[in-house]
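Once you've had a glance at the structure underneath, I'll fire off some questions.
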Amino acid sequence: MIIVMSNVATEEQIESVIKRIEEKGLEASVSRGTERTVIGAIGDERSLDPELLESLPGVEQALHIVKPYKIVAREWHKEDTVIDIQGNLIGGKQIQIISGPCSVETPDQMEKSAKAVKAAGVRLMRGGAFKPRTSPYTFQGTGVEGLEMFRKAADKEGLPIVTELMDARQLDTFMKYKVDVIQIGTRSMQNFELLKEVGKVNVPVILKRGMSATISEWLMAAEYIAAGGNHNIIFCERGIRTFETYYRNVLDVTAIPVLKKETHLPVIVDPSHAGGKAWMVAALSRAAIAAGADGLLVEMHPNPCEAWCDADQAINPQELISLMGELRGIAKVIGREIL
Amino acid sequence: MIIVMSNVATEEQIESVIKRIEEKGLEASVSRGTERTVIGAIGDERSLDPELLESLPGVEQALHIVKPYKIVAREWHKEDTVIDIQGNLIGGKQIQIISGPCSVETPDQMEKSAKAVKAAGVRLMRGGAFKPRTSPYTFQGTGVEGLEMFRKAADKEGLPIVTELMDARQLDTFMKYKVDVIQIGTRSMQNFELLKEVGKVNVPVILKRGMSATISEWLMAAEYIAAGGNHNIIFCERGIRTFETYYRNVLDVTAIPVLKKETHLPVIVDPSHAGGKAWMVAALSRAAIAAGADGLLVEMHPNPCEAWCDADQAINPQELISLMGELRGIAKVIGREIL
Amino acid sequence: MIIVMSNVATEEQIESVIKRIEEKGLEASVSRGTERTVIGAIGDERSLDPELLESLPGVEQALHIVKPYKIVAREWHKEDTVIDIQGNLIGGKQIQIISGPCSVETPDQMEKSAKAVKAAGVRLMRGGAFKPRTSPYTFQGTGVEGLEMFRKAADKEGLPIVTELMDARQLDTFMKYKVDVIQIGTRSMQNFELLKEVGKVNVPVILKRGMSATISEWLMAAEYIAAGGNHNIIFCERGIRTFETYYRNVLDVTAIPVLKKETHLPVIVDPSHAGGKAWMVAALSRAAIAAGADGLLVEMHPNPCEAWCDADQAINPQELISLMGELRGIAKVIGREIL
Amino acid sequence: MIIVMSNVATEEQIESVIKRIEEKGLEASVSRGTERTVIGAIGDERSLDPELLESLPGVEQALHIVKPYKIVAREWHKEDTVIDIQGNLIGGKQIQIISGPCSVETPDQMEKSAKAVKAAGVRLMRGGAFKPRTSPYTFQGTGVEGLEMFRKAADKEGLPIVTELMDARQLDTFMKYKVDVIQIGTRSMQNFELLKEVGKVNVPVILKRGMSATISEWLMAAEYIAAGGNHNIIFCERGIRTFETYYRNVLDVTAIPVLKKETHLPVIVDPSHAGGKAWMVAALSRAAIAAGADGLLVEMHPNPCEAWCDADQAINPQELISLMGELRGIAKVIGREIL
């Protein structure tokens, strides 16, 4: 850690910072510049809180110089982690598309969806049984019953399932229905109690980025899961909140190469929630794969105009087939593969 | 609701929108302009989802014209709601300051804190036993033990307590320790399952604004609590996330008059988390009260340099006393009162 | 325009709004709902100011329903505009890459740059002679002398030149050196006096998006140029300002399909300023082309470590060659062409 | 400056950074930590560009430790600067309110405005003759003719005038009409050529914050003016752009204490453009003064419903009188004065 002293800091204040560093078992190295004195704290700085040092008199700024995350960091684990979801690999050379409707509605809708997913050559299916909704007065999801419909429809086509967990108390139900991938939604990215719970199970987790989470906060959220023992984590960029109002969120495509540099874990993209409109999905999907994403989470509905929620963001089965063709072409150009 | 058709919409598409509106039990009113046809849906539009209509062919935009919240809206409840916390009123003419340390640390620290709170003429005490922390490797709060220390220290001075609930599974413990005001933190503002739970108890709730929540989302989050039956809700503005990096968050002072217009419920401000630095607290506190806030949530620590978390944002007991004097002066100028 | 009256608006207030609409030569159509009265203003609403109507008593909201831009709108001009820069087409099927150094430094650097641009198969060259710099104490560009070096080096390789205009008083100099494309930088997007000036000349203009400009403001800025008579406008997305601090800006890839829908004019992307780091350029460039961009503005320097400004964002000649190969592959997948 | 090397940096790379620092005439101080080597550059770091160092192999991060601004910094000029506008002081103990209409419209409107300004006890008058408008199709200001009306009406009441300069070519006209304070608008904050021009004249300048300018960029923009020789600069916070859509901008009240700490120059606030609605002006004005602002720029119109632009954000003469009373009360509480 580096501690920058104010230009009017006294010798006594400098001494007091040094003492605090040494109390924590680190070594202090003092460098006196022309305008400022800078103190380096040498040792494992993860135990030093910059805010504590900034509260000391005469300190202008205290900065970490090592990353606060460890298990998820590429710095300590150079090779790409490849996650195996019932035989379907994600990461490394393999790109996986995950598709399905926003909400589980009826057995018929789920059956048609599963067939359309399969027909497009997609190998993993998504669907929401428990839904986080902004208003208490709108459809809240079909719950456990929905989970059952989903499991049944997906099993018929041999598709592993991905669904969102909103509350730690639902985790047992998720285990009972053998959910193959647990999704942590954008509003739960910093629900630390929930992260600790999914850190204890042996099921891959898709961790969506919080609506206005920084890359660093997102990596720390993953570190919470990893610290519990579950290292099968997939990051999912889904658009961030900005000043722009034309579209729901701004897909942060830069996050893809940046995460690939900072972590060894796979990174996927949700183009449907990012833009919020079906007509934007193809362009955003292509951009994500071209930028190096390891997969996509795409909303598809057998009949979008009848969907119970987010009706205008789901593409239809025919559009999914055509999108898959483009994505395979792009994957090939950059030396990757969609099986 | 108003549905704006695209300039190339066909008669058939217009008919199909009208049919959909009528199916939902509303009446359609068509207005043909020079460049666009606009359809009004007359009736209780809360049952109509704009996204569903936007997914229909030929529709350019669908807009709600009434507010999606009801119980919390001033539109339906003109007078200010005054909340009574063990005899201490908040709202109407009365302003309440709530103060105390960020974290419950030790019995001694809590005792000193409670005394300082009392000495400054503050009537409600805050303190965190369960702490949401960005890193899994930093101090996570003293938990149930902390809650016990807090209750004890506060009781000695006759102060009602305010503390944060992070997980629905902790609610029973909160009831056992007779927490006087439950705080829902910024990261939990859209933890809908948690909101539903606190909607069922009969304890006042402070609902902090999510880091990047819009006014409308915030009101809807309160509506979740209210819909459960608990109408004792206090909004707490605590700074929003922006591009500025000099300070932790930007205190959104405009939210104060806006909320006072939109809702009858009290609105308070947390100047400590907003700025993130103790030296900003007085200026932000004065601004909040001058703008019409019904109270403040101010971090104070008997010895800030020794605090276990957020050390550089707590003011000390002497600063709290001096701040109270200024706030009383400002309250008087605008015809309000801090007892 | 639609005017939504407050739920307590009186008949008199409604009448007064109708009168105001009719005074402006439009027709009023009144629709009385269960909770609100809505008034439509039928006719050319561009002459009505929503803010004026919102200042009338009883009005809750006034909304435009037609777009405020006209010449640049695809609504009135369905086919893609293809811009011809000395025989090099941009728009339609043709994608153009524009490359070169951030700043014009020396004749030698410009000669090497031009050769590298040409060698990579790039047909248009960029370079900054006048530089907007955040600090008055850093390098401010080589000015007119730089423009001369640039013209000379580019002519030798037969490359048209693209360079930034910061001040209307420099326009004559630009005409003298026959600048082929005038770039309006991000800080000048709403320098309306400058936009009016470039609207009067017959030279293609690249209009960069303001750091926090909405799509609508950006289109209106282009409309300023177009209204002056110059319709050869190319939009350039270059990253927007958000809360994220890991990278300089967030490349808004969603803006690409959105602009392609809203306007008939070409849209290019500057991946270099967006990310701010050379190692991000390839990923962002691929994403932009995959999302449908009509071109790129890529910084390349013959020796990046020696560049006088933005040293860490320029790629080197070898990286440009390799990037061009990937971009050609992606263009082909989506049915487009880089000559 | 501090240069943090990557954890895999070689000795050769470290040497190369040291060499570069020494070439620039600074001294290098190397500190080898457990995970990273950190190099300090001792001397006048303003001549070192962090981006240049970050482009060197093995460098992870380069950070300035001194502020890049000098003339405007409080670090080098401890006492508050008090600016004298024709005998009216701003800064130090004195608070000044500046009021008047958004646009100069007619001689009659300006005469009524000047009378209302005077009657409220306000000593400085504002009004816009040249207007930056988002659309080329809306009212663009009354220009030189407007400036003349303004000068005449203000002279009659003995009020100094404040008006916006949008283009360097208008500066002579401003001098001719003896504009007392030149306003640089939010869209021009980084129009560096314009800043250089106003740096050369001897007239106080109000520098509005760019819509999404950081505190640091804003201070650097002021440094541009100061570097030219004009040190009579007044900062004006006018709301920043965020994700919130309920109000036009978010008034950044935290910027007030922060600027008062960073610079010796006065800081005022524009509550009218910040919120964008007349009913928010009083609350925001009180908050600004309570937070320590040295003044306000408040839009007032003799007949707001008839204003030619921004009609819904101007308060009326009676509201201005009542606001002045509240502000005087708050100023007194914090030991300041509105004459």
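In order of appearance the chains are A, B, C and D, and numbering begins at 1 in each one.
Here is the rule we go by: a residue touches a chain if its C-beta (ideal position, glycine included) is under 8 Å from a C-beta of that chain, and two chains touch if they have at least 3 such contacts.
It should be emphasised that the depicted structure is a prediction, and the values quoted were computed from it without experimental measurement.
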Both-way neighbours, i.e. chains that touch subunit B and touch subunit A: C, D
Longest centre-to-centre distance from subunit D, chain (CA-based): A
Separation of mean Cα positions, subunit D and subunit B [Å, integer]: 31
Distance between chain centroids, defined by C-alpha means - subunit B, subunit C (Å): 39
Distance between the centres, which are taken as Cα means, of subunit D and subunit C, whole angstrom: 26
Where subunit D touches two or more other chains at once, by residue number: 212, 241-243, 245
For the subunit D and subunit B complex, residues of the former touching the latter: 212, 214-216, 239-240, 242-247, 250-254, 256-258, 261, 274-275, 279-280, 283-284, 286-292, 326, 329-330, 332-334
Contact set on subunit D toward subunit A in their complex: 2, 4, 7, 29, 31-36, 38, 40, 42-44, 61, 63, 65-66, 75, 212, 241-243, 245
Of subunit D, residues touching subunit C in the complex: 46, 49, 51-52, 54-56, 68, 132-138, 166-169, 187-188, 190-193, 211-212, 217, 220, 223-224, 227, 241, 278, 304-305, 307, 309-313
